[in-house]
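Presented sequentially are two complexes of chain A, the first with chain B as partner and the second with chain C.
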Partner chain A sequence: MSAVPESVEFHLPFDSSILMSALTVGLIALVSWVGTRKLSMIPRGGQNFLEWILGIIYQFADDMIGPQARRYYPLFAMLFFFILVSNLMGLIPGLFSSTSRLSTTVGLAMVVFFSTHYFGIKERGIGAYIKHWFGPVPVWLKPFMFLIELIGELARPLSLSFRLFGNILAKEILLGVLCMLVVIFLPSGNIIQQVLALVPLILRPLIILLGILVSIIQAFVFMILAMVYIGGAVQAQEGH
Partner chain B sequence: MADRNPALIRQLWQASMAGIMLAACIFVGTGIGVWLDRWLGTRPWLTIGFMLLGIVAGFYNVFKIVSALNNPRRLK
Partner chain C sequence: MIEISWPLLLTQIITFLIAMIIVWKLFWGPLTRMMQERSRKISGDIQRAESGRRKIEMLEAEYHRRIAEIEEEARKALNAAVHQGNLAREQIIQEAREESQRILEKNREYLAQERKKVIGELRGQLTDISLIAVEKLIGQGLEQSVQQRLMAEFLHEIKGWDKAG
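This part shows the complex of A and B:
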């Protein structure tokens, strides 16, 4: 039994969130293929739209990381499009967001976590990178500083993954519960309950609008925080 | 989108992280403590110690974020 009452049981030998992730990837690949099929210097239609979104992402990456941001464009674009499409997929009846499963969001957060440290070591060298973990404190405090920084670093993927997971699961459960209320109230034969069924019927479109907003904002937040983390790792610390 | 202030947007997201980072740091610290206690059989000392470290780490991170908000040049 799925946590979301609205969702369909797919009866697969593996977790159905993998199917949803695969669908998401397939959809992104299809849209990219359609959008880039007829490339022209003056973009129109799908190409124009995709270039507009990518332009915004690139601009943000440039603002936050600086000139070396170019190298990380694909990572940020991947995070944004995957999370956005996956979030919005949950609004289609019968499908659900793969980001409403903790395994997917933890996977995404792990990608950010490991790439942060990989790029940090690669850009600044392992010595300088390890040095910034010990902070600007006296020698006797350095072990504590290392532990504190370690806990802070480990808390990042935790907060990243749980926020995305919580927001999207809440949206899915809320939509599912409203759907179930209509299903329970309408055929009940009781006039009061049938009138009450109007409330979720009116509420549901509004929650779907809210869901679209949350989907876009969460995809954006995840991408921006990935930029903040990777930017912090690859740039030389000035304050210390 | 031309007139946006990138430092402001970055600060906004960082500030939204402050609360959740405080909780997550305590959670991670306590988690490490419980795990080490199970492994080394020193219950409950490492749990208490690492929970305190987690609290310190949480406040340290909040302090870092807030001081960066006051001084955008140092924001990392």
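This part shows the complex of A and C:
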């Protein structure tokens, strides 16, 4: 059962967030197809738009990770687009964000978590990778260091998933409550309640604008943190 | 409300990963390769343009150097030609001067000879004319000794003319 008061019940044999995720992926595929069906060295239209966004993502990845960042471009790009489109879908009446489900955000955080360690071991070797968990400290401090690192590593997916989930769920609940207030107050016949219905009616578009901003920021933050984690894992400096 | 459904979580992870692979293979991968290719091309073009600019600058410097050399050579050649011309002019003037001097000398000699010759001829003719005139004036009565004395005086005077002339 959803925490968000959905205006549309989909009556599916599976969780409707899977449908939302599928819609998200379909929308991403559609936009990507439109943007890449006539690839040209001189970009225009949809290709220009796609290149602009991908260029920003790649630039951030290169700045944070270095030349080897291009191996992780698909993950970063998909994280950004999936979260962004999913977040924005919650602003369309009748739909909701699959990122307003904890299972989705934890799933995405798990992808980042396992990718981080997989790429870290692959780049540096399992010995060097485990060694960096004990840090550049005296031997007697190493177990404590390991414990701290372990807590830090486990906290990452928690913070990633709950931050995204909390922001998007809050946005959706707020929009849903405002919508319900309008639905309850407007047909009540009481003049005071009808006047009061104007408040959520005016507030809702403003919250939608705020929701767009939150959607972009959250997608961006999730992607940037994924870059930071993976960058820290694959780079050979001590202390990461 | 805040709960995790593990089947849903796994489904979302699988959906995400499959979508990532498909979208990357079909759309973003080719687009990214094109972006990288364009970036390489632009980078190559910039390098080529930079190299061309350097080459042009070198050629320009070489051109200016050659122009300066040619101008220097031309200036030297002109100076040499002027110098040679001056020498030739001097020589020609000198030769002309010598030639004229030679011609003058030759003409002077010729004139002197001619003069002598003319004077000699004139002297002979004058002698004859004088004798004829004297004979006509004083008749045939003069003696041979007087005739000779008169003749000697006359010739002496003529020599005096010759010197004065």
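Note that the second predicted complex is superposed on the first by the 234 of 240 C-alpha atoms of A that agree within 3 Å, B and C clash if a C-alpha of one lies under 4 Å from a C-alpha of the other, contacts with A are read in each partner's own complex, and residues count from 1 in each chain.
In this section, a residue touches a chain if its C-beta (ideal position, glycine included) is under 8 Å from a C-beta of that chain, and two chains touch if they have at least 3 such contacts.
Here the structure is a predicted model, which is why all the values come from computation and not from measurement.
By the touch criterion defined above, A:L50 reaches chain C but does not reach chain B. Of the two partner chains placed by the overlay, only chain B lies in contact with A:D63; chain C stays clear of it. Looking at the superposition, the partner that touches the larger set of chain A residues, chain B or chain C, turns out to be C.
Once the two complexes are laid over each other on the shared chain, residue contacts for A:L225 go to chain B alone; chain C is not touched. Once chain A of one complex is fitted onto chain A of the other, the partner contacts of A:F144 are limited to chain B, with no touch recorded for chain C. Of the two partner chains, chain C is the only one touched by A:F82; chain B is not. Of the two partner chains, neither chain B nor chain C is touched by A:L27. With both structures placed on the common chain, the touch criterion links A:I207 to neither chain B nor chain C.
Looking at the shared chain after the overlay, A:I18 reaches chain C, while chain B stays out of its contact range. Per the touch definition, chain A reaches chain B in the complex via residues 56, 59-60, 63-64, 144, 147-149, 151-152, 154-156, 158-159, 162-163, 221, 224-225, 228, 231-232, 235, 237-239. By the touch criterion given at the top, residues 1, 6, 9-10, 13-14, 16-17, 20-21, 23-25, 27-29, 32, 50, 53-54, 56-58, 60-61, 73-74, 76 of chain B touch chain A in their complex.
Chain A meets chain C in the complex at residues 3, 14-15, 17-18, 21-22, 25, 28-29, 32-33, 35-36, 39, 41, 47, 50-51, 54-55, 58, 73-75, 77-78, 81-82, 98, 101-104, 106-108, 110-111. Touching chain A in their complex are the following residues of chain C: 1-6, 8-13, 15-17, 19-24, 26-32, 34-35, 37-38, 41.
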